[in-house]
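Each chain gets a letter, A, B and C, in the order it is written, and its residues are counted from 1.
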Amino acid sequence: MRTMFKQSRWLLPLVSIIIVVIFLFPLYWLVVTSFKTEAEIFRSPQTWFPQVWQFKSYTEQLTGSSFDIVNGFRNSLAIAVGALLVSTLLAIPAAYGVARFRFPGRHSFILIFLVTQMLPASLLLTPLFILFKQIGLIGASYWSTILANATAGIPFSVIILRTYFATLPKELEESAKIDGCNTFTTFTRIMLPIAVPGVVVAMVFSFLFAWGDLIYGMTFIGNEELRPITAGIYNFLGFQSTSWNNTMAFGTVSMLPVALLFIFVQRYIVSGLTNGAVKG
Amino acid sequence: MKRASLLLMSLMLILTLALTGCGSDKAAEPTEKSNESATAPTDSKKKLTLWFYFEGKSQFDIIKSLTDGFTQKNPNIEVKPVYIPFADFKKRLSVGLAASDLPDIVIIDNPDHAAYTAMGLFADITDKLADWPDKDQYFEGPWKSASYEGKQYGIPLGSNNLALYYNEKMLADANVKPPQTWDELRVAAKALTKGNVKGLGISAPQNEEGTFQFLPWLLSTGATFDHIAPDGTRAFSMLADLIKDGSMSKEVINWTQSDVMKQFASGNLAMMVNGPWQIPDLTKTAPDLKFGIAFVPKDSKFASVLGGENLGVMNGANVDEAVQFIKYVATPEVSKKFSQDFGYFPARRDVASDPYWSQNPQLKVFAENMENAQPRGPHPQWPTISNAISEALSKSLTLTTTPEQAATEAQAKIDKILGNK
Amino acid sequence: MTNAKGRIAGYLFVLPALLYMIFFVGYPIIDNIRLSLFDVNVMNLTKGHQSFVGLDNYIELFKEGTLQKVLKNTLIFTISCLVLQFIIGLAFAMLFNLQFRTAQRLRGLVMISWLLPATITAMMFKFMFSSGGIINDLLLKLHLISSPIEWLVNSGTAMFTIILANTWIGIPFNMMLLTAGLTTIPKDVYESAAIDGATAVKRFFKITLPLLKPAIMSLLVLGFIYTFKVFDLVLIITNGGPVNATQMMSTYAYKLSFDQFQYSQGAAISNVMFVLLLIIGVIYLRLLKKEEQL
């Protein structure tokens, strides 16, 4: 028993690392390909490591198009944070409402939240475009894209958070009431803090939905200076004359900041996840 | 627990701050409108928008030189070029049409011109071109592609067609001459296939690109786009045979034309079918590669397909200015330079007779091939017709149906679209 | 809280989000239904008469046989992805939930596959699974195959490739939601079970799974919806090919609407999707109600 325990101390991390390495192999391939020359990419058999390192794929992204990458990141960030704020702000109370209150129509509300995300974005595009144009949101600002992306984040967050709020014990509410909390303060002071793991997950995904969005950013934002990074470089790449190394360099560049962000906030996400566990 | 709730509280605070903040400070406001087609602003300058789908900075610069050159001559009109990726082009036009948010001029793929005209996208400029002498200089095929039901809705920008590229060294090594007929091609392709090298490469995805590449084969049999069966069967079986022989990879159904070019440039293909626009890229990617160009081998006659783009004038407030612009682009000097920079073959006779095209050994083939090139359509339902053709091509190339079946199925679908049962 | 005050409070909590969604998505949904009942195509989009044709668009698509085919493809794709993502996601969640060194860091790394824009992931897989790609190289080197597989040329392997690609994207999503679910399970439940002598397998089936049930249910319903309407990925990797073998409802609707300008037929396809997802939604609600009565 003791030796097994000792083994598992390095066995478990080792096995996990191997699994993760296999899982992330496509990412390795992405980065490696971005540094290869076109000729090497088409060589057969493939080389596991660039024989000649070339950085053209990266420098071209910075200089080869009129699209300003740094600016693009700022736009993406603004859009993703905006969508995150709109979705969480609206979704948290809604999830709480459908989870903790019993009122007629509650279930149809949940169904509506499910239903509203059932159409693929490509088909929402035309009507949404008309709608935004009528309210005057096309072209001049991030708002159209933020609002459109929030339509994906809200239902998601409501469904996920509902599960969390629903699992909280009833006694919490009752004791809050005895302590003099009203419905609203019970929600903000007692229930919300406990649901942090769910909230964090919902926030992370709302952010990522909007970060990865291409179709809305492409269509609604005509002004190049306001385009998110995905749309900006998608334009630059062009998919007719597929250039693999440029594509992969784009992938690396667009992934890197979020990956860094993740490593940075990972601590908070994990502590949010573990601290929020309901005790008994 | 405490830390988490703190984090959350501060987040909520940011939320509320951000929301009230966003409404007032308008961080995203400073830049002017762009999506909107020019509504005459306070200054006297008219602003027009031009949509195009040519990728890359150099292409953008060439287009920009057109619009800048125009503004120099017409200081009160400004044309702003806006790049829309090819994959999104049709969608953006559809969305724009529904929301009346459109540019003033577009550069589009010529077989789509009729469909967009039928949709009501383009302005009838027949009268505005009535006393324009240059219109008689245009080749018939390209000119017709911009007309619909006898009216003119735009003009050709430039043309191209498809021909056979071959790797001179590989052919010499295998002691093979550039094939002229299908029989020769089949033998040659087989002889050239060695190891990683395939004899022939084409682009045959299930979309317009596939149809475009298939038409030279189809038309060579004497079939036409609306009468595929029975003659067209031979085209399907010819390509399927190349696959069965192993002289052509099945992967062609996933290759774009530029994928094909890259495979050819990397020495994985001994021959390929491609257009003149690939020459600059090909010489850049593989400077040492010696290649020759010949007609696409024939069945009963040499045939090719007419590619190229048209300038379409959109319905709207700026039709007159737009017509001014397309006339400027059409002037021989402008159109000559543009066609050279772009790897186009000119759509005008007077420009096409320039030594640049008639003397250059590579371009000469494409120039002569213009005589063999037939347009796609024009027909407003072309996208659907094209889909029927490229689907049949996919089916026969993946060997899922026989060539006969592929041809008859496509014919049945096309009959239904055209309404002749 | 079933009293009147509680009811009003409930509505107040829910309404803002609900109105938001109805405002932005309600119109598109209704517009789509209208479109599918008329004959709107390239010839009459902006001018001319658009005639009411009832269910003709649906019947036409059904007769043609493509509807059944894309429906079948979409279901195969969705269910395979869902099962694979869930199993692997759950395994990852439980693995990294064991308190060992590097567990948290590894969990963070796994998330990265979700961070790539879907278009790039699609290009990546297309590249890796091309005939001369690294996957064939690897398999050849390991002597698992004797000649390169044309992954994207044969219908079965093409479907396999897009399932694999989508699963790769979906694993972090499942993992995160299940991780969050796992944290809601109190530790002492396991401790007392361990004292009772329950084996690990038994603990998994008797404690972990049942307690995760609410999280699993919402995860699966959301996963189903997202997978069912997957779009960019398929469009880029196979474009529905070879010969419609991987044509999904979403890509087919897109192709009809934006490539062939058959707006009404495109709308009809997306409405069929909509109805199917609606059924899934209703099933979810049924389960939810049952759960709440416990």
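For the reader, a short list of remarks on this structure follows.
Just so it is clear, a contact is a pair of C-beta atoms (placed from the backbone, for glycine too) under 8 Å apart; a residue touches a chain by one contact, two chains touch by 3 or more.
Quantities reported herein were computed from a predicted structural model and do not represent experimental measurements.
Under the contact definition stated at the top, the chains bordering both subunit B and subunit C are A.
Among the remaining chains, B is positioned farthest from subunit C, on the basis of C-alpha centroids. Looking at which two chains touch through the most C-beta pairs, you get A-C. With centres taken as mean Cα positions, subunit B sits 36 Å from subunit A. Separating the centre of subunit A from that of subunit C, both taken as means of CA atoms, is a distance of 15 Å. Multi-chain contact residues of subunit A (touching two or more other chains) are listed as 42, 44, 122, 126, 234, 239, 242, 276. For subunit C, the set of residues touching two or more other chains reads 132, 257-258.
Contacts with at least two other chains are made by residues 91, 94, 98, 196, 268 of subunit B. Residue ranges of subunit A in contact with subunit B, taken from their complex: 38-39, 42-44, 64-66, 78, 81-82, 85, 88-89, 122, 125-126, 129-130, 133, 138-143, 188, 192-193, 196, 199, 203, 218-219, 221-226, 234-235, 237-242, 268, 271-272, 275-276. Of all residues in subunit A, those touching subunit C in their complex are 9, 12-13, 16-17, 19-20, 23-24, 26-27, 29-30, 33, 42, 44-46, 90-91, 93-94, 96-98, 100-104, 106-107, 109-124, 126-128, 131, 147-148, 150-151, 154-156, 158-160, 162-164, 166-167, 173, 183-184, 187, 197-198, 200-201, 204-205, 208, 211-212, 214-215, 230, 234, 239, 242, 244, 247-248, 250-251, 254-255, 258-259, 262-263, 266, 270, 273-274, 276-280. Taken in their complex, subunit C has these residues touching subunit A: 1-2, 5-7, 9-14, 16-18, 20-22, 24-29, 31-32, 95-96, 98, 100-121, 123-125, 127-128, 132-134, 137, 140, 168, 171, 173, 176-177, 179-181, 183-188, 214-215, 217-218, 221-222, 225, 229, 231-232, 236, 250, 253-254, 257-258, 266-267, 270, 273-274, 277-278, 281-282, 284-285, 288-289, 292.
Across the complex, subunit C is touched by residues 90-91, 94, 97-98, 115, 118-120, 196, 205-207, 249-251, 253-254, 268, 380-381, 383-384, 387, 391, 394-395, 398, 400 of subunit B. Within the complex formed with subunit B, the residues of subunit C that make contact are 42-43, 45-47, 126, 130-132, 150, 152-155, 238-244, 255, 257-262.
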